[in-house]
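One structure coming up, written as structure tokens, with questions to follow.
Which chain is which? They are A, B, C, D, E and F, in the order written, and residues in each are numbered from 1.
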Amino acid sequence: MRFVDEYRDAGTARALASRIAALCEPGRRYKFMEVCGGHTHTIYKHGLEDHLPGAVTLVHGPGCPVCVIPMGRVDDAIHIAGRPDVIMTSFGDMTRVPGGRGSFQDAAARGADIRVVYSPLDALKIARDNPARRVVFMAIGFETTAPSTAMTLLRAEAEGIANFSVFCNHVTIIPAIKAILESPDLRLDGFIGPGHVSTVIGCSPYEFIAREYGRPLVVAGFEPLDVLQAVHANLEQLAEGRCEVENQYSRVVPWDGNAKALAVINEVMELRPHFEWRGLGFISHSALRIRDRYAAFDAERIFEIPGGRVADPKACQCGEVLKGVLKPWECKVFGTACTPETPIGTCMVSSEGACAAYYNFGRFSRDRVREATRA
Amino acid sequence: MRFVDEYRDAGTARALASRIAALCEPGRRYKFMEVCGGHTHTIYKHGLEDHLPGAVTLVHGPGCPVCVIPMGRVDDAIHIAGRPDVIMTSFGDMTRVPGGRGSFQDAAARGADIRVVYSPLDALKIARDNPARRVVFMAIGFETTAPSTAMTLLRAEAEGIANFSVFCNHVTIIPAIKAILESPDLRLDGFIGPGHVSTVIGCSPYEFIAREYGRPLVVAGFEPLDVLQAVHANLEQLAEGRCEVENQYSRVVPWDGNAKALAVINEVMELRPHFEWRGLGFISHSALRIRDRYAAFDAERIFEIPGGRVADPKACQCGEVLKGVLKPWECKVFGTACTPETPIGTCMVSSEGACAAYYNFGRFSRDRVREATRA
Amino acid sequence: MPADRPDLAQVDVSGVRRAVNIGLLEGEELAPGDWILIHVGFALSKIDEVEAKAALDFLESIGQAYEDEIAALRESMIEKG
Amino acid sequence: MPADRPDLAQVDVSGVRRAVNIGLLEGEELAPGDWILIHVGFALSKIDEVEAKAALDFLESIGQAYEDEIAALRESMIEKG
Amino acid sequence: MTTDERATIPPERMLPVLNAEEKVLERIERARRRKARVREELITLAHGAGGRATRTLVEAVFLEAFRNPMLEPLGDGAVAGELAFTTDCYVVTPLFFPGGDIGDLAVNGTVNDLAMCGARPAYLSAGFILEEGFPIDDLRRIVASMAAAARAAGVAVVTGDTKVVQKGKADGCYVTTAGVGTVDPELRLGASAARPGDAVLVSGPIGDHGVTVLLARGGFDIEADLTSDTAPLHGLTARLLDTCPGRVRCLRDATRGGVATVLNEIAEASEVAVVIDEDAVPVRPAVRGTCELLGIDPLYSACEGRMVAVVDRDAADAALAALRSHPLGTGSTVIGRVADDPPGLVLLRTSFGGTRIVDVLVGDPLPRIC
Amino acid sequence: MTTDERATIPPERMLPVLNAEEKVLERIERARRRKARVREELITLAHGAGGRATRTLVEAVFLEAFRNPMLEPLGDGAVAGELAFTTDCYVVTPLFFPGGDIGDLAVNGTVNDLAMCGARPAYLSAGFILEEGFPIDDLRRIVASMAAAARAAGVAVVTGDTKVVQKGKADGCYVTTAGVGTVDPELRLGASAARPGDAVLVSGPIGDHGVTVLLARGGFDIEADLTSDTAPLHGLTARLLDTCPGRVRCLRDATRGGVATVLNEIAEASEVAVVIDEDAVPVRPAVRGTCELLGIDPLYSACEGRMVAVVDRDAADAALAALRSHPLGTGSTVIGRVADDPPGLVLLRTSFGGTRIVDVLVGDPLPRIC
């Protein structure tokens, strides 16, 4: 498959790996954060760390849109879904995300009509096909996904599909990165920048990182060679004493992003004053809500929602994992009380969540695996 | 079981049978009509004709409430039941009654929510339990059943159960008997009068039969000895040259009927100018409708109904069977095209219908059965 | 029966119980042990025990007369035989 | 694609087809054979073939250089061995 | 009524039966023997009620497509050499009812179908179709019932499968069991083996299960002191077969469609008449009372622990004694006998002294109960 | 990748793996080996998805209640002496899909479960749960498929049952088949029989059925040139067993949960590691493309005509040749091998040159497909 297979070539990976190893200063340890959950998934799915020298550690960031949804918002969505006239729609990733009183899957077992869609347009189609029901799209995601939600809402308006609405949980990436950079307990050497988000927002929004925090950031694609190349580029900058925003993913990401997508977001949504992030607490201007002029499509206004704040479970250390302070396995409940089957935290649910990715794909002793996989 | 077993005693039956045989004038043939489908059912279910001499023929009358429902009314009910917000309720007997486009059972297979109840009160309970749905009770029956429907409607009003309504198909017995008596092609020697209807209307409404048409009528209960005794009483009157209304069922039927039941009917319902009877055509003042003051509970006014007249199938001779002109087996399609499994006419559906009763219980050659059942 | 539903009576026949609406039996005194005619959940009539007994007596008398006749017939046949 | 839906394009990858909304690619000329980045049913970006080729050339050059190194290493080992 | 006291009308007072009626009846019987044909376009509840529509569906659709000598008799199970094999689906509503639940029904029902083949049940399979949202505690209860029933019947559940369907695509829990057992290959049991003169027995009061489940649904607001008769009958059949070797013609458990349906299947398959006495058919007062109230005939009400046995007339007494000596057969009676004519009909001599047909059930007077 | 070209980092540049992480992993593996316990109160779709939740439900509820030596291995079927016995419920949506329908699925699936026991399938039972309103023509089509599949597989449908449930209490038609077959009692096949060094094979491209059905549901508005791989595999297994007598350890059809689930069952039951090569696993481009688009892993996508075989390493070449010589096995490949450590894990060597776990499926990324 084009743009896939050529970026999964083991030979090129070995070549890059050897260059990466050569770039490491002996005795120095490097920590790079991949901001985006998609990168986390790629890293574990392809066993990317097998190509990294022990001196390089990848730290997982807050860029999994499912992981950052606070429990209260899940409960609100389930509350709406509990109405007999409502069909709740969302991406499959939401199915098992725990709220304070269970997940979508549990709500479905109690009788709620909750359907998985591939696209918000599919949710709109369900609304078109079920005029007697009220179809709510549980919108999640960063700037990557927000334009699609906005376009769908505009289409609903144009077609006059009055039984469609959006429960908007879109978040923005920059405030999250800022929160990480402000975190006192984390030392990072550089960033692997989110590829898909950057398609929309472009690369310039990251310049403050280089400028104000003195860290390189390399926007990267989602194939394993993309990520490996981004590590290489980070190390190269460090070796050369540079500190810049670089675009490894230039085949897809224009430096200035997608103006139309930004305009569409801006037409339909506006920044919330603040929004709670799971594990990270409230972050100012970090999320989007539907503008007044589209209130008729805003589930938050159409339906009474409890809107309560639900404290994260005591045992949960997702915040530390999302900030990259803890590796997944360092969480006290990782793999014992918290597993993909019985997730306590959100990071254990989506395959973009650091804990789930590590548990599903990476959870083993390297020594024993090297032994086992020897041909 | 009291009031059951003692009226099913074979010894007493044989004694009565011998008296009946003795009462028959040699060479004369007698035809008595049991007006009520309940009697038809009793006759076949217990093999009552085995106790009758060949000279006595029982002719089945129009008193099966299911049999007289015209196809158009079934279609109207199915039309109402087809609405997604409606739960249609009726007695089990209605399940297979054919309309122009199939039966309730077929409508259920197409998705209509149709439920069998034992009492109109059960339909009211369904309405109470399903406030978001509209529950319609398909009311059928003679004066026996009309008071129960009326009481239920009054209770719905008292409780303010606004989602309950009645699709009223109640009919009255006297116009039907008049229609039979006016029928030119039928010679009857007497009548077995309907027991349950008489509980409500009493015995005096039949007096015109004796007076104007010179035929005896004996109101009878529903156990086989009741019916046999009514045959005996008819023959006795004929033998003695009398012609009266007699009450064999005096343990249950007061001569003057049930005033409260009549009052309740009158409160809630009024005579329709005319009503179509299956096979018999339109008969004036032969059915009941809901009065204006209870219009809010009248399904006929709440719902748009097509209200069309549907011609009976060509092959159908139910009219002749209902009038007693034809014995069931004399209908051209009896038992071949028209069976309980594939009823063409309504008389083949309810176990009170003459054709169904004869097909299910009576359909065999007497000679061969006498041979088979010899001990 | 709930005290607030004087229109309901509990009927029991051969161990089969159902609440029956007795609203159509206005003016009838009903006591446990009375028999009633039930139709689609409503009591339509209270059974008149006197009439019932009279009718049954009549039927039994017929039966008895018949038995006597048959017995007589048999005896006469035995005598003949 | 229906003529009345200029915002939809049919994409086909390895025999897998789906209609994709291209309303976010305003101003981009799209022609059959172009590659696009798809996210939840929307095209987010048209792939820049020039950039793609340059990036791949770079990766391949690294790979080639490595192969050469390895080959050289092997040879030197054989020489040694 | 054991002697013929029915006809009390002196023959000279009987008028001849009309020739026309006879001819019509002949024509009807011919029509009835025509090949089964499904006329409907959609499945209705009648197709599952066990009566005529079920039979027609099975013959016209399933038998037509799968036809083979083992399937052809449409017995309770199939027999090949020493192997007996059967399956049943259980969709009873409610899942729990007085005297049992879907779990012991699913074990006993399949054990019984093997027993009716004359087999010793050995292994069961169990397939579960669960509705999303079904309480796992209810599932545990059902499975515990199955395990207890299997232990009681001496069979093991050795293989199974579980599927979950979306909320609203099932009714809590459906169970399908299949069973295999071993059978004496010399045994020739079957609905087609009845011969004129044979005695017809039932193993106890009929219709308990059907009426119990009907009332347990609650829609009729009727209460009765009744429990399901669900029980495994292989011990009873074994005792009967041991006592009367070679004299047992046919065994059928009287489930969906009741005793009437079983008798009709025997009458049709054996081309005989079956004549039963109403007075001899055991029916509990509460079953009879409920049936009177609801206008149902107990002969069509399902049993889940009663069987019909047809035995050689000379073995009738021994068979009766054998059945009565078993705890599950103490209420056994001889209810009638097999005659040669009219073939394919079941006739009932009523308590009232008359005779009527007991025909195959049409439609679904009892909503589903097994 | 057939030789070990993975580790390109000179050992001196590798820092030691943290002892703390090792300890955590040990603790986790202990937790994973704990006795299965169902925590949920309600059945969810995950319990039917074939992954961890299904396994837990089966062990904690069904095995716990029914426990016996034949059930215990939780194999594709149960084996007792020469008898093999199995059952499966089929609830696929839609009922008709490219390459097949619920009918041939219900025959082939059960034939395959017998074949995986090493048995020769002989007889099937068929139980139908039909929804009121289901088109009888659709039923005829399904039954015709079953009959054709049975003929093709050389088995007979010898017994059956039909129930009808109210509209809205099913999804058109559910089918449960059970099957019996004969098996060489000397044969010792099973998930627990794999030994370090054994070769692991698949009989062709994987995941076709799961992806086909997922797309046939229409919810994703994706089209692909794919058909279900539904096929009876007993011919293939017979050829393999004949060619490599005594050398075949385990056969599993890779249905619900896909190849990944089967390999995990083998790794757990045999207490071995299974190591497979991503490059060696055959996946059709359209399956791969759809999976990329939807974020699904083809290793978890169901097959209905593919199996996993574990054979003695010395017989690997002969086994591969035998499979490839059969029309249903032309696409067979060796995808990996069995190692001794870490026991219970399936490891994948990625095309990219890394390694990852292939764990048991959690949840239901693919809605139900068989």
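Simple rule for what comes next: a contact is a pair of C-beta atoms (placed from the backbone, for glycine too) under 8 Å apart; a residue touches a chain by one contact, two chains touch by 3 or more.
None of the values given here were measured: they were computed from a predicted structure.
Hopping across touching chains, the smallest step count from chain A to chain B is 2.
The chains in contact with chain C as well as with chain F are B, E.
Averaging C-alpha coordinates per chain and comparing to chain C, the farthest chain turns out to be D. Overlaying chain C onto chain D using CA atoms gives a rotation of 180 degrees, to the nearest 5. Computed from the mean C-alpha positions, the centre of chain E lies at a distance of 39 Å from the centre of chain F. Centroids built from CA atoms put chain F at 34 Å from chain D.
With centres taken as mean Cα positions, chain F sits 32 Å from chain A.
Residue positions of chain F touching 2 or more other chains: 40, 42-46, 132-133, 166, 220-222, 285, 288-289, 292.
Within chain B, contacts with two or more other chains are made by residues 1, 9, 14, 18, 108-110, 118-119, 122, 225.
In chain D, the residues that touch at least two other chains are 13-14, 41.
Shown are all chain pairs that touch, namely A-D, A-E, A-F, B-C, B-E, B-F, C-E, D-F, E-F. On the side of chain F, the complex with chain E involves touching residues 38, 40-49, 54, 57-58, 61-62, 65-66, 68, 70-71, 77-78, 80, 83, 85-91, 122-123, 125-137, 139-140, 143-144, 146-147, 150, 156-166, 168-171, 174, 176, 178, 180, 368. Residues 1-3, 6-7, 9, 11-12, 14-16, 18-19, 91, 118-122, 141, 144-145, 147-148, 151, 196, 199-200, 225, 229, 248, 250-254, 258-261, 264 of chain B are the ones touching chain C in the complex. Interface residues of chain D, counted against chain A in their complex, comprise 13-14, 21, 23-27, 35, 37, 39-42, 44-45, 47-49, 51-52, 54-56, 59-60, 62-63, 65-67, 69.
Listed in rising order, the residues of chain F touching chain A in the complex are 1-10, 13-17, 20-22, 24-25, 27-28, 31, 39-40, 42-46, 52-53, 56, 219-222, 273, 275, 285, 288-289, 292, 294-295, 339-342, 345, 347-357, 359, 362-365, 367.
Of all residues in chain F, those touching chain D in their complex are 220-226, 285-286, 288-290, 292-293.
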